[in-house]
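Each in structure tokens, the structures are laid out below.
Below, subunit A partners subunit B and then partners subunit C, in two separate complexes.
What follows is the complex of A and B.
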């Protein structure tokens, strides 16, 4: 396991040496502060301005969900861009012929960042959430958002030829987050047009706390991952 | 050391690597020669375990490659054609990191010194020239003192003196008992370094022998000479093995009238063209 950890440590070191990717990781904390303190302040101001009891309050859960998805999304985005840099520098194929191996490289670049993203998002959601969350719900939601964010890494790495393309595609990959607000604003059957997005089922799970949505969120993530992984694997050779 | 039996592989539905068989003995330098797209790099990827979806048997160090584990790489060093280095790190930092992945390690300063990079050890790789990166990439493959080396165009892009230095290190490694697989389309490197050469074209093994046998099997060496006749320079050729029967040459030598005389053997490129209808370069 030592080569794997050393390779992962180098990966993290490279991210920290890259000011843009470092800022991408820090952006999560800044967003958390904005949601925790900015949204309630805005709510207070809007309510007094429009003389209403609640305007944004009904969407506090959506803000929390956005925060829960934002953390692994940003981490996996940084991870994908660093993988593209390593791909440009031929590091990826070289590490595959060292004791790290191809499998080790995939684990250290996909699973480890998602694992760290899970821990960080649990901490962030515990500290900065606007609504009340049970410990189990935090763990389940953060696990699901972390798994679904692996899709981002796979997607960006597989479909970009270089880092610049990766950044452009990063914006497009934000579509995967689009499922979050759908159950909040669409309550009729048209909401199921977004059922191919794991984020849609994650939001449904949070709203109704029905276990079937957990399975559907997991299933859609696994389907996405298995589809893109084939292309990812071909690019890795 | 390496045993390949009935190897078949293709990236698409069309056949590419077809029915390939060869053995690489321990301690030899084995060269793969062929033009770009011939399948040399694909064979190297199969032998190094990057491609495991092949058909047939490929054994490296008595391990079937498709069933290798991570310890497989403790004894294998790979030098890809294009440098694989962290550009933001110094050459020493790169070497320290890559050596940390292995159980066995060589002294980094000695390796850097061997390719003339010790004075640039603390320079970032992004500031290196192409040749410096190639040299650093090469010693990266030696950092864990592997028994088996895969070298892909190790002298490409190097000036003559550094190319010589690299070739000397390759021969030094061979003298230490290492087995080396050299992938190249440089016939001069192959002739000088390799004990056996395999010609690859369109995914097929077209010939396999020692460079000398390949050269000698395709016609004897020739001697060409020139002399003056009626105010004009005339050129003649004679086969080396029947040079004694060339009366004109003997006469010119006795009369000291030769303007020039050269021996010329066919090159590996000539033989490759003859066998495959394609050039190496």
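What follows is the complex of A and C.
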């Protein structure tokens, strides 16, 4: 376990040095404050301006979901960029032959950041959510968003040959978040065009609290992870 | 001639690493989103999309491009070749601005928001060059991508906030001196578009000169020895 912790400590040290960890935390807290206080204020203003009872109120849950997904997304994005830098500088291959090993490297760059992101997003969602959430629902949703964010790290690392492609794919990976607003805006059968996205099922789960959607969200994430992991694993060798 | 070769090289590089593919996907996505929005929101939404994405792409990608070139020792080769630092900067700015302008025009056409093509194209092209200059200025001194992303955040806020405020109706005339506001004014073909064109050209030129000086300095210190 010790080499593994060392490898993770190296990761934390590096993103601390880049101020990335600090910025990720600040960005998450700022967004949380914006959602908690800015959105209700905007709703009040818009309602009085347009003389309506509710405009944004129906989308409060969507804001909460965005908050739950943002923390793991940012942690995993930072992790992927660091892995790409390490790959470009051959550090990844060196670490794979040290006591850390390939498995240790994968755990310290994939599982640990997602784990921390899970804890942070649970805390953020408990404090700043706009709608009522049960403890179990917070834990389940944050777990699902953390698992689905691992796809981003895997995707960025596996399909980009260098940092430039990593940034380009990083932009493209934002599409994985696109599933969140779909069930809120598309209520006909066309919404199922997005059923390959875990975020789509996460949003469905929040709207109707049906256990089937939990399984589907988990299944789509696991399918994505298992497909991309093969490529990821080949690249690591 | 050298600038032309550099430009072709940069365009090839960007094509190879998926910039054209990426912006083709995003352009289609943005146009689809524009069509889903109510008609009265479309113009502002299209301008925000153009301003924050294709126009600002240089700021987002320049760090990755320059770090990659540093890693592959491309800069070392360029530094000892007859290529001048200003040619390198011009090639980088133009190659990115071509993609930005093409994507912006397509989004503008898709959303039917272009009322004056000359101002629109000039606004996006110069705006893109300005963002790329800031990207170069930040990128020459950094070592990791995460560092670059962190460094771009203040620049993005300083350029975007007044511009977005202007778009939503906060329009005191002095704010036209801000380069981001000029981009919005040109894209919208506003009352002060003519003035904005000169102000934006000035800012872009100023930023390009600063970027050139930074690149010249960095070329002289490549390989750990200061010349």
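Note that the second predicted complex is superposed on the first by the 231 of 237 C-alpha atoms of A that agree within 3 Å, B and C clash if a C-alpha of one lies under 4 Å from a C-alpha of the other, contacts with A are read in each partner's own complex, and residues count from 1 in each chain.
Keep this in mind: contacts are C-beta pairs under 8 Å (C-beta built on N, C-alpha and C of every residue); 3 or more make two chains touch, one makes a residue touch a chain.
Keep in mind the model is a prediction, meaning the values are calculated, not measured.
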First (subunit B), second (subunit C), both or neither touched by A:78: second
Partner chain in contact with A:89 - subunit B first, subunit C second, else both or neither: both
Touched partner set for A:219, first subunit B, second subunit C, both or neither: neither
Which superposed partner A:23 touches (first subunit B, second subunit C, both, neither): second
First, second, both or neither for A:172, with subunit B first and subunit C second: second
Touched partner set for A:162, first subunit B, second subunit C, both or neither: second
Touching partner for A:42 - first (subunit B), second (subunit C), both, neither: neither
Touching partner for A:3 - first (subunit B), second (subunit C), both, neither: first
Residues on subunit A lying within both footprints (that of subunit B and that of subunit C): 14, 89
Residues of subunit A defined as touching subunit C within the complex: 14-15, 18-20, 23, 78, 81-82, 84-85, 88-89, 162-169, 171-172, 175, 185
Partner subunit A, residues of subunit C touching it in the complex: 13, 17-19, 22, 25-26, 29, 36, 60-61, 63-65, 67-68, 71, 144-147, 149-150, 153
Subunit B residues touching subunit A - in the complex, by the definition given at the top: 45, 48-51, 69-71, 73-74, 76, 78, 80, 82-88, 97-98, 100-102
Contact set on subunit A toward subunit B in their complex: 3, 6-7, 10, 14, 17, 89-91, 93-102, 104, 237
